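All chains are identified by letter, namely A, B, C and D, in their written order; residue positions are counted from 1 within each chain.
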Amino acid sequence: MNFKDIITEVYKKVEAMDDQGQLAAFIPELANVDSQKFGVHISTLNQVNFGLGHCYETFSIQSIAKVLSLCLAYSILGENIWKRLGVEPSGTGFNSLVQLEADHGIPRNPFINSGAIVISDILLSNLENPKEDFLTFVRSISNNSGINYSAKISASEKSIGYRNAALCNFIKSYGNIENDPSDVLDFYYDLCSLEMNCKDLSELFLFLANNGSNTHNNESILTKSQSKRINALMQTCGFYDESGEFAFKVGLPGKSGVGGGIIAIHPNTYAIAVWSPKLNAKGNSFKGMKFLEAFTTKSQLSIF
Amino acid sequence: MNFKDIITEVYKKVEAMDDQGQLAAFIPELANVDSQKFGVHISTLNQVNFGLGHCYETFSIQSIAKVLSLCLAYSILGENIWKRLGVEPSGTGFNSLVQLEADHGIPRNPFINSGAIVISDILLSNLENPKEDFLTFVRSISNNSGINYSAKISASEKSIGYRNAALCNFIKSYGNIENDPSDVLDFYYDLCSLEMNCKDLSELFLFLANNGSNTHNNESILTKSQSKRINALMQTCGFYDESGEFAFKVGLPGKSGVGGGIIAIHPNTYAIAVWSPKLNAKGNSFKGMKFLEAFTTKSQLSIF
Amino acid sequence: MNFKDIITEVYKKVEAMDDQGQLAAFIPELANVDSQKFGVHISTLNQVNFGLGHCYETFSIQSIAKVLSLCLAYSILGENIWKRLGVEPSGTGFNSLVQLEADHGIPRNPFINSGAIVISDILLSNLENPKEDFLTFVRSISNNSGINYSAKISASEKSIGYRNAALCNFIKSYGNIENDPSDVLDFYYDLCSLEMNCKDLSELFLFLANNGSNTHNNESILTKSQSKRINALMQTCGFYDESGEFAFKVGLPGKSGVGGGIIAIHPNTYAIAVWSPKLNAKGNSFKGMKFLEAFTTKSQLSIF
Amino acid sequence: MNFKDIITEVYKKVEAMDDQGQLAAFIPELANVDSQKFGVHISTLNQVNFGLGHCYETFSIQSIAKVLSLCLAYSILGENIWKRLGVEPSGTGFNSLVQLEADHGIPRNPFINSGAIVISDILLSNLENPKEDFLTFVRSISNNSGINYSAKISASEKSIGYRNAALCNFIKSYGNIENDPSDVLDFYYDLCSLEMNCKDLSELFLFLANNGSNTHNNESILTKSQSKRINALMQTCGFYDESGEFAFKVGLPGKSGVGGGIIAIHPNTYAIAVWSPKLNAKGNSFKGMKFLEAFTTKSQLSIF
């Protein structure tokens, strides 16, 4: 059975499921999204490109962008980046401050909010025109020059961003933020507001299945070792306090966003993107998780 | 370059390293072990068996046995087992009580002490002669009938086992231990006292690289899905609060013990065992970690 | 208005109140107590002795005994006692393990379970016949030779004492328990099983209103300074995580027990005991708290 | 022996002590204070006014102002104020975020930073000209129209106030701050920047020894019950995680500030102020604590 058949079968099955998730109501703009959207798209190293459902509609990729900002920062600083944050699962929710206090302002990993805020600070310090430069980086990997930020989403998140402001100021109090907290947060909200569709997403992330090299032009975005390490990080930390569950049930490195998107990578084989806006209790797409679980079970192709 | 050459080269390099670890002085018997021991052994699905150094000397596998007790309990109870404990990384040390209080007596995963104690309780309730039956299970997989418990090690751990007694009684206070705490702990110490050498260990764990089937006789110990899930669990939780680091640097599912042993699995390819008694600050073998990091870097064969 | 009139008026008012508390169902024997019991007794330095309701019926004083065991240990060891435990409010429930982990096995104060267990360990090490000697100490202060332990209550608590066993073993793992945990716990349960009535209780504790001297024979049980310090401790730590509330609303040093008893001291004036078995959400007698709040409001005699 | 003699004797003794404290170096302006300053002043209800040392030099009263802002808010809102914060000791440091997460944004008490920030928010919402009105309130009690804020101190604290910004935004994220966080913080820093000398301080706080009434003009600032409750709060929560120690050793309600000032109240008797800028490990004046301990020991007049 090939990927297209499996995806078609699993898509139908999950589409028919009762969606027990909830829209991310805490971000006003995300609460307006049509909750019935459900798209999926796969891109493989041997040229399969296949999508179903709303796979060509753009959505807010939210925290999935944290992988991209990490990749850019990692490519600039190399292993020095780990002086500023760790690589361990947090064992707590995505925006917890508790652990940060125990760890004296060093975030556990780059995929919880605190870690992504530190990455934003690093990019602010190292890019000439951070907002433009990051967009250029993303567009260059994806080969889609239409990808953009959403000013509306960014403003909406900022309007209720007290918890992130708390995190950023808290880390700053430990000396682990170099720039002004409000500048760091502005850039952080821009990053999270990136919009694209499932097709863009699976094509964009294919370089992580390809040992760090762009499949379009063979350019190296990350070294092979760095690329593997990003995958390892997604495996252990990509789903907040549901990371273990995702490794357990899906068995692929991946990253979710509260916009309902999930990207998952099968190293040396493919990248697959799913989008369905309603979230489970842990903040990950309800149907997205169900789809990927059924997909790897059916394809018998987890990395384990 | 083949495995034998890589192992030989890496072994020499790590052997020469300054060992910055410490013996597990908190268990009296383990403090007596010769700290210079250093052995490694690989077993692959295509019949390569190769070892170096002290790979034929038995040592106390300690927490590595937690994978085996989990496998036996999982094969008996199936997915029902997860009503009693979770599959998430803990984010804290191996014997922390803090998280257990927040989680009302449900251990985060089967590889921290609290989780392994719950697994011991499950086996006590489900086996007729727990101590004998578990040994039979281990011997049958390994095909080495000489593998045994160490009464000396077991007694030594029990003599200072106040923290484990605290954990077990604490979980019992939440109703998540069925048997008498002292019986559970006796069995737990027996499990941890299992002794074998690196060759035994890599042969024994090869079934997890083989989708759950014994390579000797093709008998199914776990289903393919269960076997993948055990690997996923080792990947996210196998090294306490250094699990992320191990995934990041080594990129294989694995499990360590305070006796200085580490087992790592490359699904569909091999199992590799290392032993060096001195432990790093997180309680994992200092040279064992160094060896595996260099080995996967050299062989370019992490799962990511 | 004198104490008798105030007590009579307040007693009637609180007796008529709807009791929103619950019996301490977690200790089997305490769940059998008649929940309608309500007694109060005051003893003043100028010879007033007055009681109402079930003030001559014995009940299990439970944690109130922790003040007495502390006094005995303090009189033996003096200020050295504070090497083993602190004098700070815990900010958490009476049987929490979390803080103990952060504080490396040093209990925050002598009135939470962990602290009282350390005090039991101290007495075990310093008394020849701990169980008899402590009873002799209590009887000698109270001048009532009929006061005794309840073997039934003690056995009942022990039968479900997994949390206390966890605490004791946990502290032992940090080296802050000298004796065998099961011996310490046996003695601890004996202490908590002490039975007396409200009259006994107010007479017994009058020495703490009298700068540490027995009012019957003028013998010094504690020095003036020690006596003041015990009162300060009761003020800041006597009611678990409701200590602030008690200081705020009642304004007297005091100590409660899950048997429904409360003792409160007005230094240089009186000791007052209340008993009503149903407990509020924080584990303190519902009507007892209401009575004392109304009593100090009416008498306008808090220490603040 | 009268107060003057005791104070004179104790002052000499403590003046000669080796000061093991440290200046509050984390606030730049406070690090510039002359660390040799040492003043003390008592004001009693029977008209004794006596001071020694640098008791007429103004200093930054810092957190002592939290008692005054609480009194003003309490006099406006009455018991409704406790919907927004608690009355329990925190068991943690003055600026911890951990407990706030467990308590969903409800600060434990008004004397830790989070609680004082909520009080600032309440005053912002309830006063017409918050900054002026609060100053008028303070001056009216003290009868010293020269008392003022320090713009320099306020700006200095704000410049490094990331932790407080974290606290304020964190509480806002739970909905327990009504106003804009930066307005709340500006006002909070103004409050903390209040300057006066020991004489002002003991005269100002004498109303809390006088059941809430101004001793100059007999005007009621708080009701008798409210005044007692403020004292109870100072007793249980006035010294962060050294509150138990202060009750234990000094035995008076009191409040400290990182400027090195301490005020203590003996209800119905006196108010006493001490100032010495070097702080002990818990953030309370080293010599101030020593002085008050020796003073109450000598005068044998603690409330216990």
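Some points to look at:
Definition applied: a residue touches a chain if its C-beta (ideal position, glycine included) is under 8 Å from a C-beta of that chain, and two chains touch if they have at least 3 such contacts.
Just so we're clear, the structure is a prediction, and the values are computed from it rather than from any experiment.
Least step count on the touch graph, subunit B to subunit D: 2.
Seen from the C-alpha centroid of subunit D, the farthest chain centroid is that of B. Between the Cα centres of subunit A and subunit D there is a gap of 47 Å. Centre-to-centre, using mean CA coordinates, subunit A is 55 Å away from subunit C. The centroid of the Cα atoms in subunit C and the matching centroid in subunit D are 32 Å apart. Not a single residue in subunit D touches at least two other chains.
Remark: subunit A residues 96-98, 101, 162-163, 165-170, 172-173, 181 touch subunit D in the complex.
Interface residues of subunit B facing subunit A in the complex, by the touch rule stated above, are 86-92, 99, 108-109, 224-225, 227-229, 231-233, 235-237, 241-245, 247-249, 251, 253, 267, 297, 300, 302-304.
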